[in-house]
Amino acid sequence: MYAVAIVAILVTLSLALARALMGPTVFDRIAAINMFGTKTVLLIAVFSFLTGRLDLLDMALVYAMINFISVVAVLRLFSHKDFHSPAENNVISVKVRRRWF
Amino acid sequence: MDLLIDISLLTFLAVTAIGIIRITNLFAVIMLFAIFSFLSATLFMTMDAVDVALTEAAVGAGISTVLMLATLALNKDHNEKQPDKNRHWLPLAVVLTTGAVLVYGTLDLPDFGDPASAPQTHVAPHYIEKAIEETGVPNIVTAVLASYRGFDTLGEVVVIFTAGIAVLLLLGGRREDPLDDGAKDKRVPQNLVLRIVSKIVIPVIMLFALYVQFHGDYGPGGGFQAGVIMSAAIILYSLVFGLGAAERIIPKSVLMFLTSLGVLIFAGVGIASLFLGGNYLNYSVLASSQVAGQHIGILLVELGVGITVFAVMLTIFFAFAGRERS
Amino acid sequence: MWDHLSLLLVVTPLIAAPLAAILPFGRVPWALAFLVALACAVMAGMQLWTILTGGPIQYELGGWAPPWGIVYRIDEVNALVAMIVSGIAAVALPYALLSAENEIEKHQIPLFYSAVLLCLAGLLGITQTGDIFNLFVFLEISSLSSYALISLGNRRQALTAAYQYLIMGTLGATFFLIGVGLIYSQTGTLNMADLAARLPEATGLKTVHTGFAFIMIGFALKLALFPLHLWLPNAYTYAPSVVTVFLAATATKVALYVILRVLFTVFPDGFVTNTPAGDLFLMAGILAVLSGSFRAIYQSNVKKLLAHSSVAQIGYMAIGLSFASVAGVTASIIHMFNHALMKGALFMAVGAIVYRVGACRMEHLHGLGRQMPWTFGAIIVAGFSLIGVPGTAGFVSKWYLVLAALEQQQWIVVAVILFGSLLAVIYVGKIIEALYFKQATNPELAVEEAPFLLLAPTWILVFANIYFGFDTDLTVGVAERAAQALGVAAK
Amino acid sequence: MVLDILSWVCLVAGGLVGVVGAVGIHRFPDFFSRQHATGTTDTLCALLILLGLGLQAGLSLAAFKVALIFLFLFITSPAATHALASAAVHSGLDPKRGRTDSEGQS
Amino acid sequence: MDFVVSHYNYLIAIFLMMTGFYTVISRGNLVKKIVGLNIFQVSVFLIYISLSTVKDGVAPIYVEGVKVYSNPLPHVLILTAIVVGVATTALGLALVVRIKEAYGTIEEDEIHSQDNSL
């Protein structure tokens, strides 16, 4: 049954990768890439149960953390355009109206 | 099943790499690079290199990606200029030649997974058979890393230290007073969801980093990975609560001190073993029995690695994030 | 502590570097760096002496026997190169005090000396080690610190030069890594002595040939051997003066050492002669001499001129080693030593001019010869050495190179060497002409002679140039023993 | 035994939901509707699969780690989806026009 | 065909290396060059790790009774190499930031034309 889950995740991964490469907008790419990251975590989790090497869950955990941090970093880039001020809520207002993609 | 995963991952890698060449939006390129890094880390994991996988995920997809994004954040334009089509043939020729030579070189390479090949029969068996009794550390990678090839690891810590010094030399010039941000912190509305979530998550990450640090003798992990994860926690804090807030927790002077401290701990263990009559980094002389000495040595050395890596990663991130957008 | 000499040589600057970074009091970091460099020079001297009298040293790091642990294995070659590196460092650091204060921002001075010490530790680590992967690690220490040091130059081109060097240097290091991996796949070991023992069985394998090629290309990039020299002229031109002095006199020498070591010690006898490697080195060397010298003639920036001349001089060294004979390798090693002396002296003298005038394009030099007689004198003597005038060190190395070429009956090579010297006459003449014979563009502008702290190190190297032009026992004697220690097959 | 069957069901269902979401990002016409597909399935897929794994692990350190992984995914996915969508809106991507090609214009 | 089956790891790693190498030498954008450099290096790591794999081996963490482990040595080497890689990346990106501040661009040809027009 683990195998079924793994195959399903691999299929998901390939479809997400295809979207990441096809675009067409940069947001499509980022959404697809984010999806890819989440699914990789799941892949490792299932893989560790498949092979019975449960210490690999540490890896999945690190992936999840890193994924979280890079998503936050990306959001910062979107909402602030810089890394040195604190995160705000409704910042995506006037100053970001420009198109940068 | 392993084969299926292997081949799918390799295919994904190849597709991602082509994507990176073709896509001109740098933002997407960096995100794809993070994917590339995740994928290769997963591949390392399926090939039993757990420690390497942990490091690659934390470094490649974590630190490198964040640094690349920080660089991009200083840039208004996120698109690469389309390269000149006529200039392609020379690089292509160089690359194809190099590739052909490499393929020629693999013709005599031992088969994948061959247990009779030279690497599997010459030096490594000694580590696999003797490491546990000579060092008492079950994780053979840690034993080799910290003891047999401990001097390489000292070099590695010094490389990281050098990177810290180099980035400070390049980007440390303009010092803003971090306390200036204090007023701003209160004025602007904060992203509530992110803040609360981070408050929950950051301690967990830090705890996990400590687990990786001290569990490195028995499982995947060690000072390097722990340092990176710990610094990732502070980086997250800095991203959510602002650079000023983060620098108030760990001022730059403390970071500078920690950076040096780690290297000095590592090198100091070596000097201590000189004084106790052993060769440099011979931990066996640190205690009455060899295994106990090795244990103390490896623990201290890993601690040194962890401290320097943590401090340097943060120094580098702060240096990047503190730069004004030009 | 006597037993640990070879180790302390590397570890002392390694430990001093973090200390220098957290000692931000005035000139304390400089004093620390200077003392460490001096100590290193003394230790390297003692190490050389020990080896000349007592044979090779082996030091097992961590107390693990090779091939499981990392070892230092030092014979005449390592000891000589370590001597060059630490000797130049000891001479360059007194020079650094004023030069760095002039060219580098004040708050960066402690970090600057930390980076210098790291670079020194990296270079010494490369020369001392007997483990090919440990070599890679220390290569990266020295490379990373030199990228940072180069980028400190006060013109913005320094940044692009450092970036270009970073890209090419990292490509070179990665090529080296690929080569090591391929060789590891056939031998299972990383220890150089062990590799030398196990490689003869594997010489026929395609993987080993490829690995060899990648290691050579990787270090040819670091050596700045033609046509992989593109990073060098800009890097040397725009780096701060003292950085140029240090790197020009040491970094490429260490890269040459690694090539010699891998070529002659690690790979079995006759590997050079049975593969096209020797011919390729010869061709690259000849082209380097010609193109480097010609390019040097057309430069209007003195530092760039000297940088292109360095490319040419590296060509001479490549020619020497391509013969794969004792005479040729000896000539290479002698030239490596002498080139460190002459380029060190020349870049120091130019740095002194930069200290006073703030620039070093040809037009800034006009008429300076009369106002800065000591600096001018240093340029003349070191320039003569660069040309190869009898009585200077440069003559000795050219002489042995020509002898080695004659032994191989390579008449074309002899002609190239002589022609290269002729071109050197032109470009050195250009500098001297600008300094002495051209009218000063602004005669009222009084330029003082450079301060004593800049002149003294310069003249130490200048005297060394003259001394080693007469006393050849030390250089030639050691170089011959070094060539034999490398395992070059006698013909 | 019951737990086993339950966990198998969860795993398979999770995989299925994942595939459905992935198909969704190809079948829907524009960015925002595609976000709908990924956003909703991503979390459910993670939930089901990790629940299945957790049931296999029982009460152990592994189960705790699985729970931790779930915590991270459960937080990040919706946050990312939300932020991306709002960033897209504010950068001028118009949902009504359907398939737009704003990339080439900037 | 046997060769491809037993060496597919190496062949794909070489392909990846070459894409990275190509990105470094053909692209003018300084950030993209750094990305290319990273891909190049990671692919070299893949070759090393492939060398360490042993059929039916497990991760080199000592377990009572298990005899066949993967080769730990390449793992150690690559751990070091990853560190070196991130150090280089950080320094390279710092240089890019400074170049951007000094020239206002991160495109190689625009930098060259600015330098030459002086």
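A, B, C, D and E label the chains in the order they appear, each numbered from 1.
Operating definition for what follows: a contact is a pair of C-beta atoms (placed from the backbone, for glycine too) under 8 Å apart; a residue touches a chain by one contact, two chains touch by 3 or more.
Keep in mind it's a predicted model, so treat the numbers as computed, not measured.
Fewest steps needed to get from chain A to chain D, stepping only to touching chains, is 1.
Separation of chain D from chain E in touch steps, taking the shortest path, is 2. If you compare C-E with A-B, the chain pair joined by more contacting C-beta pairs is A-B. Among the other chains, the CA centroid farthest from that of chain B is the one of C.
Per-chain CA centroids place chain B at a distance of 31 Å from chain C.
Note on chain placement: the centre of chain A and the centre of chain E lie 21 Å apart, centres being C-alpha means. Each chain gets one centre point, the mean of its Cα atoms, and the points for chain C and chain D are 57 Å apart.
Separation between the centroids of chain B and chain D, computed from CA atoms only, is 28 Å. Touching two or more other chains at once are residues 25, 50, 70, 72, 74, 79, 102, 106-107, 109-110, 117, 119-120, 123-124, 127, 149, 152, 155-156, 159, 162-163, 166, 170, 194, 201, 219-220, 320, 323 of chain B.
Chain C has residues 133, 137, 140, 144, 147-148, 151, 178, 184-185, 190 in contact with two or more other chains.
Each of the following residues of chain D touches two or more other chains: 68, 72, 75, 79, 103, 106. Within the complex, the chain E residues that touch chain B are 3, 6-12, 14-23, 25-29, 31-32, 34-36, 38-39, 42-43, 45-46, 49-55, 57-63, 68-80, 82-91, 93-98, 100-101, 104, 106-107, 109-110. Within the complex, the chain D residues that touch chain B are 68, 71-72, 75, 79, 103, 106. Contact residues on chain C toward chain B in their complex (touch as defined above): 1, 4, 7, 11, 14-15, 17-19, 21-22, 59-64, 67-70, 105, 107-108, 111-112, 114-115, 118, 121, 125, 131, 133-134, 137-138, 140-141, 144-145, 147-148, 151-152, 178, 182, 184-190, 198, 205-211, 213.
Note for the complex: chain E touches chain C at residues 17, 21, 24, 30, 33, 37, 40-41, 44, 47-48, 51, 73-74, 77, 80-81, 84, 87-88, 91-92, 95-96, 98-99, 102-103, 111, 115. Those residues of chain B whose C-beta lies close enough to touch chain A in the complex are 1, 4-5, 8, 12, 15-16, 19, 22-23, 25, 27-28, 31-32, 34-35, 38-39, 41-42, 45-46, 50, 53-54, 57-58, 61-62, 65-66, 69-70, 72-74, 76-79, 181, 184-185, 188-192, 194-195, 198, 201, 205, 208, 212, 219-221, 225, 229, 232, 235-236, 238-245, 320-325.
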